[in-house]
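Have a look at these structures, which come just after this line.
You will see two complexes here that share subunit A, one where it goes with subunit B and one where it goes with subunit C.
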Partner chain A sequence: MKRYDLIIVGAGPSGLSAAVEAAKRGMEVVVFDENEKPGGQLFKQIHKFFGSKEHRAKVRGFNIGKQLLEEAAEAGVKVVLNATVIGLYQDKEVVVKIGEEIHHYKGDSVIIATGAAENMVTFPGWTLPGVIGAGAAQTMMNLHGVKPGKKVLMLGSGNVGLVVSFQLMQCGCEVVALVDAATRVGGYGVHAAKVARTGVPFYLSHTIVEAEGDECVTGVTIAEVDSSFKFIPGTEKHFDVDTICLAVGLSPMSQLLKMAGAKMEDNPKRGGQVPICDEYGRTSLPGVFVAGDVSGIEEASSAMIEGRMAGIVAAEYLGYTDEDDMNRNVESLEKALDGLRQGMFAPENRGKLVEKTEEGIDVSMNLLKKGYVADDEIERYPGVTHKVGIHPVMECTQNIPCNPCQDACPKKCISIGDNITSLPIVVPESECINCGMCVASCSGQAIFLVDEDCGDGTATVTLPYEFLPLPKEGAKGIALGRNGKKVCDAEVVNVRSAKAFDKTNLLTMRVPKEYAMKARFFRATV
Partner chain B sequence: MTERRIEEHPILGVQEKGKKITFTFDGKEVEGYEGEPIAAALKAAGLMVHRYTKKEHKPRGIFCAIGRCTDCVMVVDGVPNVRTCITPLKEGMDVKTQYGASDKPFDV
Partner chain C sequence: MNSVNDRNRDIGPFVPAPDDDMLICRCEEITKGEIRKAVHDGMWTLTEIRRYLRTGMGLCQGQTCSKLVKSIVARELNVSPAELEPATSRVPMRPIEMRIFANEAKEDDDYE
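Our next item is the complex of A and B:
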């Protein structure tokens, strides 16, 4: 039986990060993954990540994946693919199915980084071809280049539902509605707003009554639910769709730990059955560690930090590093992880209604119920100010851990300060040079450059644009408001694409000046 | 190949594909790209039903697309229960709708 210093199960963001840290400290590491390719779900994430520089904010997920694979290769990490770990037994014996063969390995330490699986909901017709998981949609469109459908209804308004809805539109699908039984949008408001402004209607307190079709989905009926999640008769709405996408949460894939006899708990704040572990991923079994979603649903950025911690802790466990090195490194990682766990969406706030921002400003209720900040709510946020000439308007209205905008501006017009979750403010007396770096750097696509009065009765609005076809200078069309409805006619006067913008194009449209603070998206008239 | 393929993506650009090849679905010739999952080629060809369940003869297709749910299994080169979403497509593959665990349609 082959023996390794460290066996890692799962070559996703946390498993690979753990492998890198352990290998750098001299451990012989092997990573098993059941998939054909390493990287877990990172290669399906095409949006820019949140956080700060240390979390690789504003870098797109698949690019973070590429960096991680390079780092793992450099550190000499051995990754075995198409290798399904089917058992974890006493004394850390790991049983792996590779092809049609069963192999046994012994790990002097083991890190379980198996991630999570998608949850499902059932309704009449849910087994029809055309009802798919949101992860399936991402896999098909972002890995295999195939559209999941023509017309899609999304169930679930968490970050997955919001992000995947946007991605569906990016690949050319029509999203007819975003539906959630909850009373409030679950994900980041900025993710919701960028979907809503394109015209996708949000139906909160609604869920699916039935998927229609004999051989595959041809339509769907939704209806409003009351506070006990019962359908309210007469509220049914029908949509012709060929695809229904389910984004109703994730559950940790912790079965191997349970099998090995690790102490488990049912913790709804962590997403279900999770191993009891300390902050560094040590489980109740000596030498068995966990990292990433398997120990509590979060996101790839935190999974990577947890992975690094687990890798270092495992190295210390076997004497490949001393306690000092461990403490020093783990401390800075803890700080980075803490940064990501702040704000309104921190794990302890899960499911809670946060009514005020850290600054004491009322949270937009329209954002929570309809996916966009209403025109009469937007002025109360510190990123929304008025001045003569071009200036940034930051429609960032919730405290989330993210700050690339303040570093993006070469003129230091934008400030968040040391508290990563603070709302961005416009620095008084600062001078905007219309470079567009802030617009492109905002992972939430919430920054606009506005010239409220060009002197000829018009205003210009520069917005982030990540769709094809990219409108050309001179294109005529309509400006849509935050709610996705037409506010006025508009003409594209400038289109900028630059390497530094990383595929976020900057589209400047001219609108009558009274719509400068209302027009937030452009649609060309065909 | 069809309008179901993403020709050019605003972020990913033009995605690299393997060689264009031919395989059969229930005896009919279908085009796909070598190495992509069988399920992706079927999806791109607009073929939604992969199998019918044994007891109730209900249709099933792609659901998770990552090899977990086993809804997309078909009879491939004579072998039943092949997870088409994670099995790479090869030239000349014989892909058949699965009825229960067989490629023979149910007697109605």
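Our next item is the complex of A and C:
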């Protein structure tokens, strides 16, 4: 039986990160993945990631995947694809189906980084073709270039539901509604806001009554639910759709660990059945470690850090590094991980209603109920200021761990400070040069450049624009408000696409000056 | 003994519900009503349900329905899903053809 120092199951963000750290320390590492391509979910993530520089913030997910694969190749990691691990036995024997054969390997250490699977919900018609998981929609669009449908209803307002709704629109689908049985939007407010401003209505405290159709989905009915999730009669709403997309959470794929005899627990906070492990991924089985979603649902940025930790801890376990190196490195990774687990969406705040920001400002209730900050709420946030001439308006209203904007501005107009979750502020006396770097750097697409009074009764608003076809200078259309409703007519006066913007186009539209603080999206009239 | 499995506990009679014909396990075509009835037939653990009805034993190996089955059984027993012992995990973790399952590779390192 072939032996490896380290066998990793899963070539996603955590598995590859673990492999890099372990191989750098001299271990012979193999990574098995059942898919035909490595990278796990990373290559489906076309949006810019949140966080700070060390978390590779403002880099698009698939580019992080490319970087990670390069690092793995450089470190000498062997990645075997189309390799399905079908069993993990005592003494760390790993059984793998490769091609049409069964192979047995012995790992002196093993890291399980199998990730998670999508949850489903049932309603009459849920088995009709056209009802798909949000992950499936992403796989179709971003890996295979297939449009999932024409008209889509999204169920689930967590970050997955919000991000995938935006991607569906980018790929040319119409998202007719975003629905969630919860009373509040579950994901980041900025993700919700960029969907809402394009005109997608949010229905919180609503869920699906039934999917209609004989051969496939032709429509869907939703209705409001009360506090015990019972339908309220008379609140039904019907939509003609051909696709219903479900983004109702993830469950860890931890069966291999259970099979091997690791101590498990059912922990709803971590997404279900998970191995009992310490903060570095050590399970109850000596030499078996875990990283990423398999030990508790989070996201790719934290999975990559957990992977690095597990790789280092595995190296120390087999004597490829000493305790000092381990402690030193793990400590700095822990700090990075802590950074990601701060703010309103920190694990300890899950399910809680946070009513005030760290700065003591009231959180927008419209954002939580309808997906957008109302016009009369926006002025209370520190990123929203007024001055003569072009200046940044940062509609960042929740404490999330993210700070690329403060480094993006060459003129130091924007400050977040040392606390990564603080809301951005406009630095007084600073001089905006209209370079647009802040607009393109904001992963939440929440920064606008506004000239509130051009002197001729008009104002200009520069916004991030990631749709095709890209409107041309001179294009006429309408400006939409934060709520996605028409506020006024608008004309495109400039469209900028620079390499440094990384495919976020900057569209500048001219509107009557009284709408400078209301107009936040442009739609061309056809 | 795990109190969830105390078979002396009275869980009441099976009461038909309007959504009993809803498919839960798509691969093996098992409905919500069948799962609820199985609980009243004395199948109180997920392992028993699986052997009795074949839920989660089809092509997707329970990837889609395990959580759904668990919540239906838990509700019928009036306990929280977290209290139910999960079903046993067994090789093979993924559906596999028998001819491949029985086809041991001769060499240990020939996948390259």
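Miscellaneous remarks
Note that in this section the second predicted complex is superposed on the first by the 526 of 526 C-alpha atoms of A that agree within 3 Å, B and C clash if a C-alpha of one lies under 4 Å from a C-alpha of the other, contacts with A are read in each partner's own complex, and residues count from 1 in each chain.
The criterion applied here is as follows: a contact is a pair of C-beta atoms (placed from the backbone, for glycine too) under 8 Å apart; a residue touches a chain by one contact, two chains touch by 3 or more.
What you see is a predicted model, and the numbers here were worked out from it, not measured in a lab.
In the superposition on chain A, A:215 makes contact with subunit B only, not with subunit C.
Residue contacts after overlaying the shared chain place A:273 against subunit C, while subunit B stays out of touching range. Of the two partner chains, subunit B is the only one that A:144 touches; subunit C does not reach it.
In the superposition on chain A, no contact is made by A:184 with either subunit B or subunit C.
In the superposition on chain A, A:380 makes contact with neither subunit B nor subunit C.
In the superposition on chain A, A:369 makes contact with neither subunit B nor subunit C.
Look at A:85: by the touch rule set out above, it reaches subunit C but stays clear of subunit B.
Using the contact criterion defined above for the overlaid structures, shared-chain residue A:503 touches subunit B, although it does not reach subunit C. Shared-chain residue A:35: touches subunit B; no touch with subunit C.
On subunit A, the patch touched by subunit B and the patch touched by subunit C overlap at residues 34, 117, 127. Across the complex, subunit A meets subunit C through its residues 1-2, 34, 80, 83-87, 95, 97-105, 117, 119-120, 122, 124, 126-127, 251, 253, 255-256, 258-259, 264, 266-268, 272-273.
For subunit A in complex with subunit B, the residues that touch the partner chain are 34-36, 46, 60, 62, 117-118, 127-133, 135-136, 139-142, 144-148, 170-172, 214-216, 466-468, 470, 503. Note for the complex: subunit B touches subunit A at residues 3-6, 8-12, 15, 17, 36-37, 40, 43-44, 48-50, 58-68, 71, 85-86, 88.
Here subunit C touches subunit A in the complex through residues 19, 22-24, 26, 32, 63-65, 67-68, 81-84, 86, 88-94, 96, 99-105, 108-109, 111, going by the rule given at the top.
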